[in-house]
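Common to both upcoming complexes is chain A, partnered first by chain B, then by chain C.
And then the complex of A and B:
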């Protein structure tokens, strides 16, 4: 039985509180994660530690009230660990950091489960045990589990390069303390030293293996830390365990209840309720009994000389004399000063709280849709009015209506905009984990995270960006040894930045790694039978890595390099309203991938074209140019269907009238117009009868309103009220290639 | 008119739950999201009882108790700290500051009500 069911009488329906709690918990976990990732491990900021402690503490409190026991117990142990950290009783180790991050993940999953987003309850047991193990293991030993290792390197096959040896020793000295021993750095010789570090043996070995093959590394079992340090370490930790394990065990409560007056507020002996307070872990500690309280109130006296209550705990330290209602100036003054200083902060916080409200996404989406309809209706009216040459009063009214409608639309769209930090926040964690896994040192630098974009893009942009960052760590950034050898700092850097350029968001993933290897790409292209001029410029060569299945990774790792790489990234970006991926790379200096996507997916800059009596809409971003077709421009090339020569390129010709089987479009051969478009599949010339104009269109999903159709990505409603299809150019261009092949 | 209670907690969900329990029992409840806000409210109006969280950014619960005890009108007002922290040291500090009682959070709402009733009615 949980407290939520036992307490449902007083609390009533808990669903509202649950909803608030879920939001809060997500925010708290996100805050915990971001603070953990920015913590300086050597000297964590105490305010940071306090902030995460409070976050864990909040989650624990509410989850307990709501009966989410798994969340309560995980956050309870997490809180214990954080409490020791913030009090400086424990050193922040890599292990503790990892466990805390995983505890955050567990809370996230438990919340998802309670929300109904996960079918099965995740097992919180393992992480809880590990955390508890950590807390208990070192609770007696205190901070800095520095261990001493005796290291023997040898027998050496050959002398170690002196500079490398120095580098390694100074690296170890950075991590702890090094006591040099006999160093016989010669073939067949041995190098000995002692080292004292807080990291584990694995950390030590990984450093040593940079200069010596693994089989020549001998690390003796950790010895005890020197006595001087041990004395500091064994300082007892304040016995303060946050109230024991379970505060709200109903059985426990019942027991306590028996010891209490049966009816709340009943006049019983003063000693009775106070007896509840026995034990430092008591869930309830009444310092002043209600009876004393009432008696005092009647007297209305100042209690300076108040005698001790008879029910006081015998175990109490007499030095902690409770000045029950006393006021001590010395106690108050510093707090008042402190309060004054914080006043400003609070004002800002209160303002921020009042200035924002939470609204369901569905409501915003509805608003976007309705405004879209309004804009279209306005356009219809305006067109009607032009046709009928109506009253000028109407026309001024209509101009105003149009302006208001567009302003309204802009305002509504801005509600859907979120800062891109919502996407960027996951990368510090990813970089940390991947660089650990690949044995690389990587620093992530993020900028422009306040840039806003359509929230609908969050999910769609996250995967491609994750892929790019992975690529940078796996294939771009070299190992510390390689980097040092190349004269670069041992730690690599990845820059993740976002900015707005016109109607687009440009996201850049840049690394200072080894860059793309032109030679290997050309070799790989040859293996795959892709023809390319060996003297082609770099930009052209780099384009090859966007080919499906193209991977030059020398080893296939479990993270990237499976050959489903950049082509998938590019495709995923292109479907975002004609997003683009660019790439620059310099061998030895690094790679920059630039992703550009429209600000919003709900509105698109478009070009509308006429084919017979039908109107089609093309994403303007994909249109390169348009040209009138002269007699003889279009030629049939054996095996390649019809092509149009544009300067020195032969582009496949797509007759939209054929694609959509419109009855009367076939005429558009002479005097027609070719619109040159570029998409994932390459360039193509679309034959149309007329260009109708450029405009913003409100994108309507066909999936939700009708069904998916090949060659069509979505639809829109034109000014005259007719539905027009927005073309899926990637598909159509591919179709052009295939169709041509099939005909010949 | 019902007795008035001030509920102080920086965690919105927890605060709302405590408020709901107390309102359900017929008390007039006001909320504060942190110790400073609580202190400001308390200066303007004397509540019949205060329930406060301890761990809050800025002014924490124990400090709030001390501040409130600095206001003469709060001499006779019960102040109950509701906290997930129940370490003896901290409780001693709370007691020293002038708290009337200390309850472990999470707590059974019925029990919380019972305690509140003992001090307010």
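And then the complex of A and C:
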């Protein structure tokens, strides 16, 4: 039910619509933001502006329908501004860009409020006034004067791909008016037309250079077209070397542009009409989508595709036709892809989205659970089979079952995976804002954003990464003046990259800033009473900044920092299934922080150990080694704590049987096994009775139906169907460390 | 028949009106209790749970219920009723309360009874093994008397230590 009355009556119960709207609005706002951030301010791509316009328009329409008038109001002003921008009636200023970004934020908050995620309704007044002010302030200035250019492309080294030519021309038609001239699209030929644009010659050339090499572009300044050419204008004919002719009608392009679905980004690329050149010398233009095209290919030439006048009637001959179409198919489909790439990711995303469905996370989790059960059941059956040495048909069946079960598990787990671009997309905005605030010029380069990882990690990894990027801008990248003085380009660069290495995703945050200051770190270490060899190698020195309270803000630079230090970053990464943080730095050259976390938290590489009758599971990432205990290895300190000497280290000993008070408590010290683990609390030796093996386990939360228990991070289900607890080593080691310290 | 799902039972309890309600009856010590059937997910035989250290004795541990980790409490131990034996006749009622799944061990499960509003009386102050705050009323069927429990309130109460309380130790 809509809380406001307008329009809700007709819809009846709108809760479904609202849920859809909330999701869509979030996506639209995200799309607006990402497009705004990649806009080239000097020469914004009209397709980009159209995409934002459509997104804003779509939010406006649906919010109006649902009676969310405050959202309608903001998007309305935003839409006005965008409309002027995309028509070229207004220049894209930094101010406009900022206002649009803020308007996007406002809509995001308004949607959150309507959804119930925000307690207070956000005040849209200021941003609306500013937007309106901007729209009104310059409204009287009128559109930029359109200039007329005569364009001559050629002599062509080779004919231009018909679809590309069409795309280019329709692109120009979007920017202004196009009047076609003689087009001889053949090797050595020339293509002529006139355009009226509000943009400069550079814009025009940049569009043209997408299809024609720069040296073949001739743009003549405003002037009348030669009279001879004017005569041809009424009947422009293009002869391409394949015997096809294409006719371009600017009015038609306009129409097609309008006819595009009002959904931003998505679909448009897939549905983008593609010019199909069929043999004809009459005015004939055929636009088909790839789907239509394939359909036509199947059923043969449709009437429209047939030439209306004689010429090289290739399509009339059934034996020739498939070949012609075949060639076209290969020409056209890649050209759609090329366009997708040229437009940034838009096209690619659009194609991907069209082939996906939205599924609730709970459904996926249920699938994961059921498949996990299936795998366990299969393991139980296999065990039974081995015991009974049954029929060979059964064993073959079981082997197959096992394989299918594991494939199924892999496939289901992959559903949970999302590309890391979902995390990376927020960084262009962050970098833009922070670099403005700190008066630095920073360029962000992102790579590997298609690397996939578990969606459950998105939230957990965003904060540490944000902190690292912020550190780089605040402390790493120098001011433009400093950089120039150091012989570097004035603009700094931050590289954000992701890649998959085995079962982990490795994310690298690299900057070309000034790097860590070894001297200052050593000074600070001395202040804090941390002993370190002054000649220690760099790697060891860098490790110091991960010490708690070793604030980078105070030591490495004098910029007053806020928030947390590297120790918190490391801790937050370590809790992610034993994630790791590495750091390399060269003074003057920059710093690289490498974060490595498991691809998923749902599955863990684990070691299971026996303590008494119980089985416990340790994250393998935390296990350093295990050793059998010999007599006298463990030294007691006044009958209280115990330490185990491993090489030169004395490690606190934790008797798991004591911690967990298992039935036959006293794990034999002799013949027992010590598992040396390392966690954020340091190292410790866990005494267990036996090592049971290493395997992948499916991690299950204990507090879904129960509650958190100290010393236990989660649980898993073992091959025999029983629950085993996964130990929270950080807690256990800390406990051991505290105990040992208290005893000293 | 009552409508509504497990989550909506509070409504059915208050506004029961003319509706007949179904209860699962079970025995605990000498008394017979009834719980709203909609809170019951299933009834299972006993299987040895995985013990969790540092929990009270009545929390028997956790079991794997088709991939879900479910804690098991023994109400006989919780309320000091008789001897807690575990054999093939021991039953566990798997409950779905407050969006959680928990298992409760009782002496025996009897049957499902349908009660009309007239058969349900307010609970007088009298002494049972359970505190009166968890008792919603008394049901009578023929010669039997059923103590009707608010099982959700009981299971999520601080006493049961099944749910993280605000001041949980960390």
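In this text, the second predicted complex is superposed on the first by the 479 of 744 C-alpha atoms of A that agree within 3 Å, B and C clash if a C-alpha of one lies under 4 Å from a C-alpha of the other, contacts with A are read in each partner's own complex, and residues count from 1 in each chain.
Here is the rule we go by: contacts are C-beta pairs under 8 Å (C-beta built on N, C-alpha and C of every residue); 3 or more make two chains touch, one makes a residue touch a chain.
What you see is a predicted model, and the numbers here were worked out from it, not measured in a lab.
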**Asked** Once the shared chain is lined up, is A:486 touching chain B (first), chain C (second), both, or neither of them?
**Response** neither
**Message:** Looking at A:526, would you say it contacts chain B, chain C, both, or neither? Reply first, second, both or neither.
**Reply:** neither
**Asked** Who touches more of chain A, chain B or chain C?
**Response** B
**Asked** For A:187, is the partner it touches chain B (first), chain C (second), both, or none of the two (neither)?
**Response** neither
**Request:** Considering only the touch criterion stated at the top, classify A:118 as touching first (chain B), second (chain C), both, or neither.
**Result:** neither
**Request:** Using the touch definition from the top, say if A:173 reaches chain B (first), chain C (second), both or neither.
**Result:** neither
**Request:** Check chain A for residues that touch chain B in one structure and chain C in the other, and list them.
**Result:** none
**Complete:** Listed in rising order, the residues of chain A that touch chain B in the complex are 3, 6-7, 9-12, 14, 16-17, 20-21, 24, 51, 53-54, 57-58, 60-65, 72, 79, 238-244, 247-248, 250, 253, 257, 264-265, 273, 280-288, 290, 293, 296-297, 300, 302-303, 317, 320-327, 331-332, 335-336, 338-339, 342-343, 345-346, 349-350, 353
**Prompt:** Which bits of chain B are touching chain A when the two form their complex?
**Reply:** 10-14, 16-17, 20-21, 24-25, 33-37, 39, 53, 55-59, 63, 66-67, 69-70, 75-76, 78, 84-92, 94-115, 117-119, 121
**Prompt:** How about chain C: which of its residues touch chain A in the complex?
**Reply:** 49-55, 61-64, 66-71, 100-102, 161-164, 168-170
**Message:** Show me the residue ranges of chain A that touch chain C in the complex, using the header's touch definition.
**Reply:** 369-370, 372-373, 614, 659-662, 700-712, 715, 717, 721-725
